[in-house]
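Here the structure comes first, spelled out in C-alpha cells, and everything after it is commentary.
Naming follows writing order (A, B, C, D and E), and every chain is counted from residue 1.
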Amino acid sequence: MSFIARISQRSPWLYRINAGSCNGCDVELATTACIPRYDVERLGCQYCGSPKHADIVLITGPLTLRVKDKVLRLYEEIPDPKVTVAVGICPISGGVFRNSYAVAGAIDRYLPVDVNVPGCPPRPQAIIEGIAKAIDVWRERL
Amino acid sequence: MTTYTIPVGPLHVALEEPMYFKVEVTGETIASVDINAGHVHRGVEYLTMQRNFYQNITLTERLCSLCSNSHPTTYCTALEAIAGIRIPERARYLRVIADEIKRVASNLFNVAIMAHIIGFDSLFMHVMETREVAQDVKETIFGNRMDLGANRIGGVRYDLDAKNQDYLSQQMERMKADLAEIVDIYRNNSMIALRTVGVGVLPHDKALEYAVVGPVARGSGVAYDVRSKAPYAAYDRLDVPVVTETGGDVRARALVRLREVQVAIDLIQQCLRDMPDGPIAIGGLPRIPAGEAIAKSEAPRGELIYYLRTDGSDKPERLKWRVPSYMNWDALHVMMEGNRISDIPLIVNSIDPCISCTER
Amino acid sequence: MNMLMLLLRNLARGPSTDAFPFGDTFTPERLRGRIRFDPELCTGCRMCAHVCAGDAIHFDETDEGLRFTLWHNTCTFCGLCEHYCQTKAIHLTDDWHLAHLQQDKYAMIEQGVVAPAACAECGGRMTAPVPALTAMAYRASNRRIEHLQTLCPDCRRKAGVKGGRS
Amino acid sequence: MSAPMSDLFSLLFAILVFPGGLFALCFGLVLKGLDRRLAARLQRRVGPPLLQPLFDLVKLARKRTLVPDIACKPLFLAAPMAGCVSMALAAALIPIPGVYDPDPLLGDLLVVLYLLAVPAVALMIAGSASGSSYGAIGFSREMALMLAYEGPLLMVLATVAVKTGLAQGGFVTFSLSEIVRYQQEHGAYLADPWMWPAVLAFLAFFPANLGIAPFDIPEAESEVLEGPLLEYSGPPLGLFKVMSALKAVVVLSLGVVLFFPTAPDGAAGLLVHLLKLAVLSLAGVTVLRTAIGRMRIDQAVLFYLKWPEALAIAGLAAVLALA
Amino acid sequence: MKDQLGSFIGRLQPGWTVECSTDGYGVTVGWCVLETAGDLLPVAAAVKQAGGRLSTITAYQPKDANATVREIAYHFDMDGDTLTVTVRLPRLGAEIDSLTPLFRNADWNEREFMELYDIQVRNHPDPRRLFVDATVDPAILDRLIPFSTMVNSASTKTLWERIMAKTGGEQ
C-alpha cells in the first residue's frame, strides 16, 4: 500500500443518521464519540455535522416510513468511498419493531451495509469495535 | 426586514433524534414555529396489542432509552392493579432505586447536551464523565447501560446483595462532590448565564395553560411531582422534596434537573438504608383477568400515565400511555417566539424532548 | 474561573481514557451479552420464546430432536428468557464482542438440539425430562421418580393411574 | 539568470515555499495538531496524533468532490482557492524577525489587512454559492462578525503604524519591516504599557478571525451544521482546511510582529519566532476555546462594538496624545 | 380522595355517575361513563372548574367485530387522583366535539386518534395528521385483520428462512 493511502486511512470521519431509533444507540454513539472515556479521536475519528464530510456512516433505528426517503437521500449525499455501520439490532433486523405498520425494517434492504453492531443498545466499547472493523473495510476501498 | 422560513431537521446534528421544525424568522429573530412530528413513529401501541404481557415488558422498555425504566415500571404497576397483585416490600424499594438511577443518567445527559449546544464542549465532557459513574452502576448491577431490565410482573428481577449495596452507595457518594461543582458552574458561570438566562421563557400562567409537566413545569414554579402527589412503589415512605425554580427560562429548567439528580442520589441512599429483606417478586405466573387500570409515575421528564385494558386473554386489549414530552412540545411555541435562531436548539433541548417517547 | 480551574485540574490528573481498543476494558460480571444455550438443561417448555419481544428464539423439530435457534441480530439482550427459564438452560454471558461484517449477519446464532429420549415403556419419542428440573421439584429423588423420568407423558399418566410400580 | 528573473524567482519562492505556502502550511498544521492535543488533555482525553490535521488533509484530497445541483459551480470551487492564495500571499508579506524580510514590492501592512479579509469573504461566497439555507445563515453571520471586528483591527494596525512612524520622524509607516526593525532596536511594544490597550484589542480580534470560541458562530456545528462548509466535500473542503491553517499562522505572526518581534538573527531567530507562535496559539486559542462557550451573534457584535472598539480607540488616542 | 375530585363529584348532574376506588397509597381513581356524547363538553367543563387537567385520551377498537358502539376514554388528572370519563359513540361514523376550547393540550391527543381510528373531531383547530406517515392507510388501528398477517410477518418469515438456510447445512 502506498504511503499516501496509509496516511489517509488514519482519518475516518464519522456521521450518524437516526432512522427512527429509541435514542439508546444515539446516546451511546454520542457518548462514544464525544467523551474522554472513549475518545475516538485517538483513532483519528471526528464527528462531522455534514454528511458531505463523512467517511463512515453510523445508522441507528428501525427505519420508519416517515424517515425512509430522507435517510436514503442523506446516504446518497455522502461522498464515496464510504462505509456503513448499522448500530443496534433495529437497523440490522428491525428488532422489536419489525412487525409494525410504520416501520420499513432492516436497513440492508435499502442500502449496502458493511458492519453490524448488535446490542440494545451496544455498549460504547462494542461500538468502537464496530468502528474499527469499519475502518478495515474502508481501508480496502480507499 | 424580510421573513423567511428555515427548516430545522429532521436529521439535524443538534437534535439527538429526528424532528422537523419550520421556523419563520425575521432577520435572526423567530417569528413562529411549526412542528412536524412523526419521524420516530414506530406504531408501538399497535405492537403492544400484538404481543403478550411478558413481551410487552421488554417492548415498552424499548420506547425510549433515556426513560426506559419508567415505562415497564408503570406498565407493570397497571397490570398488577388489574390482577390485584401486591408486590413485596423489598421490590418497591428496588423499583425506586432503578427509577432514580435512570433519572440521574437522563437528567445529566440533558444538561450536558445543553453545554454542547452552546459550544461549551469541555463542560459537556465533564458532565458526561460524571454521568459515566451512573452508567457503570447500571451496567454492573443491571447488565446494560441504558435498558435496565429491572421489572417483571409482580416485582423486580434484580436484587442487591451486600457487595452491590456497598458498591452502589459508594458510587453515589462519589458523584456528590462533582455534582455540587457542576451545579455551581450552571448557576454561576457567566458564559452559561449569557446564553441561557431569559432565553425560552415560559411564564407560570402559560405553564398552567399548556399543562406542561415535569422539570419544565417545575422550572416555571409549578410544584407538581407525581412522586409526592400520587405516590407509587416506595415513594410514600421516602422523603421526596419537590424541586422548583422560578425563572421559567432555559437555565431554570437545567437547574431543576441538576437539583433533581441530587435528590435522586439522596433517594437511592434512603432506599439502601430503609430497604427490608425479603422476596423480590411474587412467585408463579399470574393470570390477568379482564379489567382496566390507570398507573402514573414521575419519569425523568415528568408525569407518565399508562392506561391498560385487558379482556382475559394474554394480550392487552388496549395499552395506551402518554409520555411527559408529549405535553411539553406545544409550549415550545411560547418559548421560542421572539428568541434568536441560535437559540432554537437550546430551547428545544431545554424541554428535554424525548421524541421516541412522544411519537411511539 | 471555575471552568478554568476545572481544566487545569484535568490537565494535572491526566487522561481518563479507557485503554480499549488498544488494551483491556471494564466488563462487569452481570453484563448481558452473547447468549449461550445448554441443551442438556432444556426442558423444551418454550417459555423463552414466549417471553421474547424480539422474536429472536425459534424452536423446530428435526430428526435429531428439538432444535433451539437464537439469532443475536434481533435479540434485545433483555434477559427475560433467562429469568423465566426454570433450569437456566439459556444464559446471557458477559461477552459483548458481537460486532461483525455484513456477510456474517445470518450466522450470528446460538443453536442447540435437545436430544429426544425413547420412552422406557412404549419406546415412543419424547423430550427427555431434565434432572435439574426434577431436582427443583423434589427435594430428594427416589427410584419411582427416576423411573417416571424415563416415560413419555402418556405412559407417565398410565403409570400414575396404576398407582405406581417400583 | 538576469536580475528581474531572480527577483521573480525569489518572490515565488517566498509565496509558495518559505515563509508562505508550504512552510506556513506545515507549521499551521502542526499548530492545529498541538491545539487539538492540548485541548484533549485539558478535557482529560488522549487526543489525536500530532499529525492528525495532515492525515485529514491527505484523506480529503482522495475523496470525491460533490457540487450541489443548486450551487453556482465556478464560485463554489473558486472560493476556497482564492482563500488559500490570499493567505499564502499574506504569509509571504509578514517578516520573520532576524530571518526574513519581505520584498517591498509585495506590499505592506495595508495589503495584509486587505488579504486578511479575503478568507472571510471566501467563506461568505462559499456559503451563498452553495445554495443551502444554513450556508446563507453562515454568510450573514460571517458578514456581521467581520463588520464588527474589522473596525478595531484597523485601529490597532493604525496605532502601531502611527507609533512607529512618529518615532521615526514621519507620521505613519505601513512597512512591516520598519515596524520590526524599530522594535528590534528600541524594545518590543509589548513592554510599553501605553500600547497595552492595542494589544488587548488585538487579542480580542483574533478568536473571531480564526473562528474559535466564543466567536465560532458562523461555523457553529450545533446550530448551523458548520454553516458555509456544509455543502463542501473532498478536495475543496481540504482547501478550506489549508486556508484555515495558513490563516492561523498569518494572524498569529502578525500579532508577534506587531508587538513582540524581538529575536536573534538566523536559525535561532526562526526557532524563537515559531516558539512564540506556538505559545500564543496554545494560550490564546486552545485554552480559550476549551474554557468558554459560544456567544450568540448579536452578543458577539455588541461585544466588539463595546470592548475591543473602546480599547482600540484608547490605544490610538494614547499614542497620538503621547506624540 | 383529594379536594379536586371531590369538587368534581359535587358538580355531577343527573345521569352522570362516578365509581371510585382508592389504593393503598391513598390515590383515588374515578371512572365515569357517558352514554351520550353530547355530555362530554359539560363534564369536561365541570372537570376544569374543579381544577382538573387533561392527561390524555385513549380511543380503542371495540373487541367485538359486530359491536355497534365504540368508546373513547378521557383521562383527567385531579391533583394526583385520576378521573377517566368514557364516552360511548356509534361504531360507524363516530364524531366527537373537540376539547381544545377547554383544554388546549387536547390538540395532539385528538389529532392522534383521528389518524389512527375512524373517528372525526368537530371543531378541531388543526386536523392534520400527527405522527402517521401519509403512505399508511387512515384508521390503521381500526382494521380487524391483524396487520402483521398482512404485511410484515411475511418479512419476519423470510428472515427466519434465511437464518435457517444459513445454518441448516451445519446441522
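The rule is simple: a residue touches a chain if its C-beta (ideal position, glycine included) is under 8 Å from a C-beta of that chain, and two chains touch if they have at least 3 such contacts.
Predicted model, so just to flag it, every value in this text is computed and none were measured.
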Neighbouring chains common to chain A and chain D, by label: B, C
Intersection of contact partners for chain A and chain B: C, D, E
Interface with more contacting C-beta pairs, comparing C-E to B-E: B-E
Centre-to-centre distance between chain E and chain A (centres being mean Cα positions), rounded to whole Å: 37
Intercentroid distance (Cα basis), chain D paired with chain B, Å: 46
CA centroid of chain C to CA centroid of chain D, Å: 63
Averaged-CA centre spacing for the pair chain C and chain A, given as whole angstrom: 30
Junction residues of chain D, two or more chains touched: 40, 42-47, 221-222, 225, 290-292
Per-residue multi-chain contacts in chain A, two or more chains: 36-37, 39, 42, 49, 64, 66, 93-96, 98-103, 120, 123
Residue numbers of chain E (touch at least two other chains): 131-133, 140, 147-148, 156, 159
Chain pairs in mutual contact under the definition given at the outset: A-B, A-C, A-D, A-E, B-C, B-D, B-E, C-D, C-E
Residues on chain C engaged by chain A in the complex (per definition of touch): 15-18, 20-21, 25, 31, 53-55, 71-78, 96-102, 105, 108
For the chain B and chain D complex, residues of the former touching the latter: 4, 6-7, 12-14, 28, 115-123, 125-126, 129, 191-192, 194-195, 340-345
Chain D residues within the chain C interface of the complex: 40-47, 287, 290-292
Chain B-touching residues of chain C, taken from the complex the two chains share: 2-3, 6-7, 10, 16, 26, 28-32, 50-54, 76-80, 83-84, 92
List of chain C residues in touch with chain D within their complex: 3-4, 7, 10-11, 13-17
